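Shared between the two complexes below is chain A, which has chain B as its partner in the first and chain C in the second.
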Partner chain A sequence: MVWAWLIPVLSFAAVPLIILFGKRLPAKGSPLAILAILAGFAIFWVVFAGFLSASPDTEGCEIGVGTEALTCNFKITWFEAGIPGADTSNHDRIEVAWGMTIDPLTIAMLGLATFVALMVQIYSLGYMRDHDGNFDPRLDWYYAFHALFIASMLTLVLADNFLLLYVAWELVGLCSYLLIGFWHERPEPREAAKKAFIVTRIGDVGLLVGILLLWSQVGSFSMTETFAAIENGVLSDGVITVSALLLFLGAMGKSAQFPFHVWLPDAMEGPTPVSALIHAATMVAAGVYLVARAFPLFSASDTAMLVVATIGLITALGAATIALVATDLKRILAYSTISHLGLMMLSLGAFGYTAAVFHLLAHGFAKALLFLGAGSVMHSTDELDVRQMGGLRRVMPVTAILFSIGALSLGGIPILAGFWSKDEILVAVNKELPVIFIVLTLVTALFSALYMARAMFVVFYGRFAEQFEHVHDAPKTMSITMGLLAVFAIVFGLLALDLPGPFKGIGYFIFYHEGHGLVVVAWVMGLSTLLAIAAFIFGYLAYARRSINLDGTRGTFARVLEVAENKYYVDEIYQWTVDRVVLSLSRFIAWVDRALVNDVGINGPGDITRVLGDRLKYHVTGYVYTYALAMALGLIGLAIFWWLVSR
Partner chain B sequence: MNSFDQSALLLTILVPLAGAGLSMFLPRNRPNDAWYFAIFVSAITLLISVALFVRYDFGAGGYQFQRIYEWLDAPLNIDLHLAMDGIAATLVLLNGIVLFGAVLISQTIKHRSRDFFVLLLALGSGVFGVFVVQDLFFLFFFYELAVLPMYLLIGVWGSSTIFDPDRQRLWGIPIPFDLGSYNRPKEYGAMKLMLVLVAGSVLIWIGILAMYVAAAQEGSPTFSMVELGVLAEQGAFSPAFQNWVFPLFMIGFGVLAGLWPFHTWSPDGHVAAPTGVSMLHAGVLMKLGAFGIIRVGMVLLPEGAEAWMPVLIVLGTVNVVYGAISAMSQRDLKYIIGYSSVSHMGYVIMGIATLHPVGLAGAVLQMFSHGIMTALMFAMVGAIYERTHIRDITVLNGLMKRMGYTSFFFAIAGLASLGLPGLSGFVAEFMVFVGVFKTYLPLAVLAVFGAALTAIYILRLLARTFFGEPDPRWEGLNDASPVEKSVGAAFVLILLFVGVWPAPLTRVINVGVDSVMKLF
Partner chain C sequence: MVPLVAFQVLSAALFAIGLYGVMARRSAVLIVMSIELMLNAVNINLIAAASHLDGMGKWANFDGQIIAIFVITVAAAEVGLGMAIILRMYRNRSTVNVDEINLMKW
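Presenting the complex of A and B:
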């Protein structure tokens, strides 16, 4: 289990190798990245097996503070600052460690991240070619960034202290910046990358301040010590609430929660495999992971939990409505991701810890599959507008089937993975939160099935779009990886059932305080199943058979649709703020700096001196009579003065 | 102590000074000879500074490599007292590295290159002197030696900026001032830099004389910082005295550190200066100011420091946020870096003003990190300007395709500047945040926010300058020369090294900070 550190380190090591030697290696060094992550995936299974056989007696392992789950810690000191040898608890010294925590949450994330990254990297070998089969000219950089991306994400999930987590967190942000903007020759990816980095960075201000706030109370960055301090009541309620909300700001940025969601739909400007990675396993998963990781902190504050749940619900519902009307295939998927991330946050806010993590995994497999499917469509057709597509299953049967599996799974059709995890979320929301939450969550679930049905039926079924007559299906590298993901999208949900063996089912593995088996609330399960099936039937009739004509209804809802199609004008509000407020302020300050601080404050004394000198120099004429006059005037002045004084 | 330890500190001052002197005898019309000789000299100083840093015993701490050369007896009592603590060791290393880099980059100086290197080496000697002396008189002497050559270096070898009034608008209304890039002839930059810095050093000189007089009133007239330190510990300087002398040092040295609102000399100076001089100027010279505040202000006048730190930290915060916001609307590459220096020096000032061990250590590490990072940025901008003769980011576009190495090195420096973990800037800024958080919480939030603002202007710069489809004008552009590549690569490696493994630096800095913090 100690060897878990190798999982990220291998991928880190691949980065400089690819950058330095990639040009000279076959396939531009991409096999290095793939081998690194493949080895990481293999080590993950070793670590997993080691963890299942570990007990609180194993070296480095204990029952985790806060979670009550088995937790194993390993660390070395990274650096110290402040007075050498001083006690860290009085804040005169900080000690920061490279350390890792292995608990069920970490294991789950390691599995998801390594697997999806492996699939995406292999898939990219097929995707990053032009139509003649030549590799992208910057393929080495592409794989270097990929390796760095996944290495950072793996560090993030392994980190045992908040500072290391923040380090990895920022690196994840950097890599998504680099990969979203990978085709930087076009302006859109460039702007999208910048937007992603800056929006998440603003959330990160909250995260860093939250980390520092916890440090100032606890005197350590270690998560275990922080959670122990919370458990022992060292921290006041106010501090707990404020720091939880600050951490949540960071999570909102990364996990694209309202109002920080704007970067994610634009992020699809990057290569599609990158979108798959960002949406499924790395970037956006980090936010949900952070809340789950800091769950002892969040669950100690009712306010924080309510905020998490509310933001989650707003995001889930809002994004689902946008996904219903979006016309770009990748945008539909992007808003779907935002909506599902909202559901995960909602679930966390409803104490549905297991459900949230379970949904993160189930959604990850399905969404990676869907994005890779969309990538396959795009790779073959160079088209992303769903209105131009139709009946593509005739020319791309494999992609069509695999994409449909992903859509059905995410839409919540029974026994596929998405069904089980969504059901657990509904159960948690039903149990913990007011009735309005469960109603709106069910609406979101219905919308989610509807937009998945729409995307799937419009693109692959219905009338065939003739212009795609000569289109080919995905090459082997792409279809095999999608197939593997599809297998997970189908069967992964079965982990929700009570299983025999050491792994008793997801509820006994990933839990908060105590494990539990599958909880079935009949009306919730029944209703959600009914809604999902109804949505897909409606979708089939409306978009594939076209027996329900939707054209007429548009007029009735024109205003509502327009607002949703414009994404509730959130982007416009941001744009206005940046252009009118931030940039104007910046210009104003720059002007103040020049005109006031410099020209008045610094040049001013200089100018005054120069002008004074200019004027005063005329008194030095060199003519005797001038001086004589001055002497005479002086004498008269003195005389008057003497006369005044002596009187 | 072996013979190296005995003379090493003197050598750091004498080698570049002697090099400057000897350079004068080189033939005037063979620019390469002067360059080669300067490389030779600065390589020796680099070796000495590395050796000093490595040989500094951080387990023992305190002042090491002590050596006193007596000069003037009573009543003046001025000696050349050399010693180095953990803080100075870090900065000596920084100066060794940046001086070497700046000399290498100055390969392109062909006009009167002999004179250029004479002045550059003299400047480097002065900087070393300030870091290692323990005597106020010599500290001032070396301080002036470091500052004065700037005037000629900028005035003779600098470049002017042309004012383009058409593009400036605020809320749609044209503004008669060009925002950030006035018509700035190099003579203006040189003169302003000189006058502002001299005004600052007048304050410092008044402060030094006041210290001497106060010590004389106690019966032991001296310029020695060690003896003055002992007097300070005995309470020889009354709080009232400390309260009026400390601000002299704070403002006087602060001017050189780019303290708001006395910072405007710095962007203009950066812009006008030739590449190598910009590197030294932003990389090392600005650190002299911050170092002076610690070494003279805090150590000799601790009570004054405590009274004035709330003012200093507010000014530092203004530096951070104001510098970042100003940088956002600049168009000239060098002005952006100039304002980003103002912003980053703000972190140094904040870290000092916390009077918190972690914050102070962060300030010192930030000096090192910012020195390397800014020097690297200026080196790469110099390389770009050399080839395109343009520094306007609205005109430059897509350089990544033509100048891959230059762009890569610049991008890494930019990422270090926006505080990306894994590069040195993050560790330093983080330590400053920690210190400020414990002492002035609301300002810490502003400081963290300032780091987010940095991301905005750095990414804007990268997107405009390096990304995108290259302009056809850059068709025949050459990438960095071998010299530029090696300087860039070396500096990038240092940034990475410190970011990934800061312990070798922090453990040395920590002991230096320890001895300063004992006074508070």
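Presenting the complex of A and C:
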């Protein structure tokens, strides 16, 4: 288990190697990155096995504070500052460690991240080629960024203190910027990359302030110590609420929660495998992970929990409605991700810790699969507008089947993974929150199934779009990776059931305070299943068979549809705010800087000195007798003065 | 015995002549000579005061003489240095007229 640190370090090590020697290696050094993450994936299983056989008596392990789950910590000192040997609690000294925490949450994230990253990197070998089969000219950089991305994410997941987490957090942000803007020859990816970076950075400020606030109260960046302080009542309720909300601000930025969701749909400008990675395993998962990791903090404040749940619900519902009307295949998937991240946040806010993490995993597999499928479609057809597509299963059957599995899984069709995790979320929401929440969550679930049905039926079924007669199906590197993800999208949900053996089911593995088996609330499960199946049948009739004509309804709801198609004008509101408020304020500040600080404050003394010098310079004639006369007159003056004084 | 005032008048006159020379002359050599004149005026003043004080008490006071010796020494060094500078000046600018050497200004 101690060797878990190797998982990110291997990928980190691959980065400079690929950058330096990639050009001279076969396939531009991409095998290095793939081998690194493959080794990471292998080590993950070793760590997992070690963790399952560990007990609180194992060295470094204990029952975690807050979670009550087995937690193993390993660390070495990174740096110390302050008075040597002083006590850390009153800020005379700080100790920061390169440390890792291994608990069920970490294990789950490690598994998801290494697996999806491995699939995505192998898939990219097929995807990052042009139609003649040549590699992208900057493939080495692409793989270097990928390795750095996943290494940062793994560090984030393993970090046992907030400072290390923050470092990794920012690295993840940097990598998303680099990869979204990977094709920076075109203007849109550049803009999208900047948008992603800036929007998430706004949230990151909150995260940093929150971390520092916690440190100022606890005197340590260590998560264990922070949670212990909360448990022991050292922190006041106000501090807990404020710091939880600040941390949540960071999570909102990274996990694209309303109103910071605007960057994620634009991030579609990056290569599609990058979208798969961002949406499933890294980046957006980081926000949900942060809230789950800091759950002892969040759950100690009812206000924070309610805010998390409300923001989650708003995001889930809003994004789902946009996904219903979006016409770009990748954007449908992007808004679907935002919606599902909202559901995870909602679940966390409803104390559904297990459900949220479970859904993060189930969604991760399904969404990675869907994106890789969309990438396959795009790779073959160079088309993303779903209105131009149709009946593609005739020319790309493998992609069609695999995409459909992902869509059905995410849509919540029974026994596929998404069904189980969504059901757990609904149960948690039903148990903890007012009735309006469960109603709206069910609506979201219905929409979620609807837009998945729409994306699947419009693109792959129905009338065949003739212009795609000659497109080919995905190459092996792409179809095999999608197939592996599809297996998980199908069977992963079965972990929700009570299983025999040491791994008794996800509820006994990832839990907060106490483990529990599958909770079935009959009407919730029945209703959600009914809604999902109804949505897919409706989707089949409306989009594949075209036996339900939607044009009439479209006319009736034209105004509503327009608002949703314009993404609730959030981008426009931001643009207006930036143009009118931010820029005018900036102009005023720039004026203050130029007119007051520069012209008066800096040039003022300079001008005075220069003018004074101009006036005074004429007494320096350069003639010896002037100086001599001045000296003589000075002497005489002194003599007279002396005489007057001494008299 | 010549009264002290006579020496002081002589000294003051010499000093004034030296000062006039420094200010009025254009030749650097003459200015240096005028400075010498002023230094020697001071020397006369010092030695006169010292020998006048001699007669006034049991213990003779040599301070004036000692300072005069110092002044002579320093003056000798200064002349050496001054003449060297003037020589360099002449080599560079072919003149020792101080009015033409007026670059030490703005």
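Note that the second predicted complex is superposed on the first by the 603 of 647 C-alpha atoms of A that agree within 3 Å, B and C clash if a C-alpha of one lies under 4 Å from a C-alpha of the other, contacts with A are read in each partner's own complex, and residues count from 1 in each chain.
Going forward, a residue touches a chain if its C-beta (ideal position, glycine included) is under 8 Å from a C-beta of that chain, and two chains touch if they have at least 3 such contacts.
Keep in mind it's a predicted model, so treat the numbers as computed, not measured.
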item	value
Partner with the higher number of touched chain A residues, chain C or chain B	B
Partner chain(s) touched by A:608 [first = chain B, second = chain C, both, neither]	neither
Chain B versus chain C as contact partner of A:629, first or second or both or neither	second
Partner chain in contact with A:49 - chain B first, chain C second, else both or neither	neither
Touched partner set for A:187, first chain B, second chain C, both or neither	first
First, second, both or neither for A:198, with chain B first and chain C second	first
Partner chain(s) touched by A:86 [first = chain B, second = chain C, both, neither]	first
Contacts of A:212 with chain B and chain C, given as first, second, both or neither	first
Touching residues on chain A, where the partner in the complex is chain C	617-618, 620-625, 628-629, 632
Chain B partner contacts - residues on chain A that touch it in the complex	77-84, 86, 91-94, 163, 166-168, 170-171, 174, 177, 181, 184-185, 187, 190-191, 193-194, 197-198, 201-202, 204-205, 208-209, 212-213, 215-216, 582-591, 593-595, 597-598, 601-603, 606
Chain B to chain A touching residues, read off their complex	61, 170-171, 175, 177-180, 182, 192, 195-196, 260-262, 264-265, 268, 322, 325-326, 328-330, 356-358, 361-362, 365, 398, 400, 415, 420-422, 426-427, 430-431, 433-434, 437-438, 441, 444-445, 448-449, 451-452, 455-456, 459-460, 463, 467-469, 501-503, 506-507, 509-511, 513-514, 517
Parts of chain C lying in touch with chain A, wherever the complex brings them together	19, 22-24, 31, 98-99, 101-106
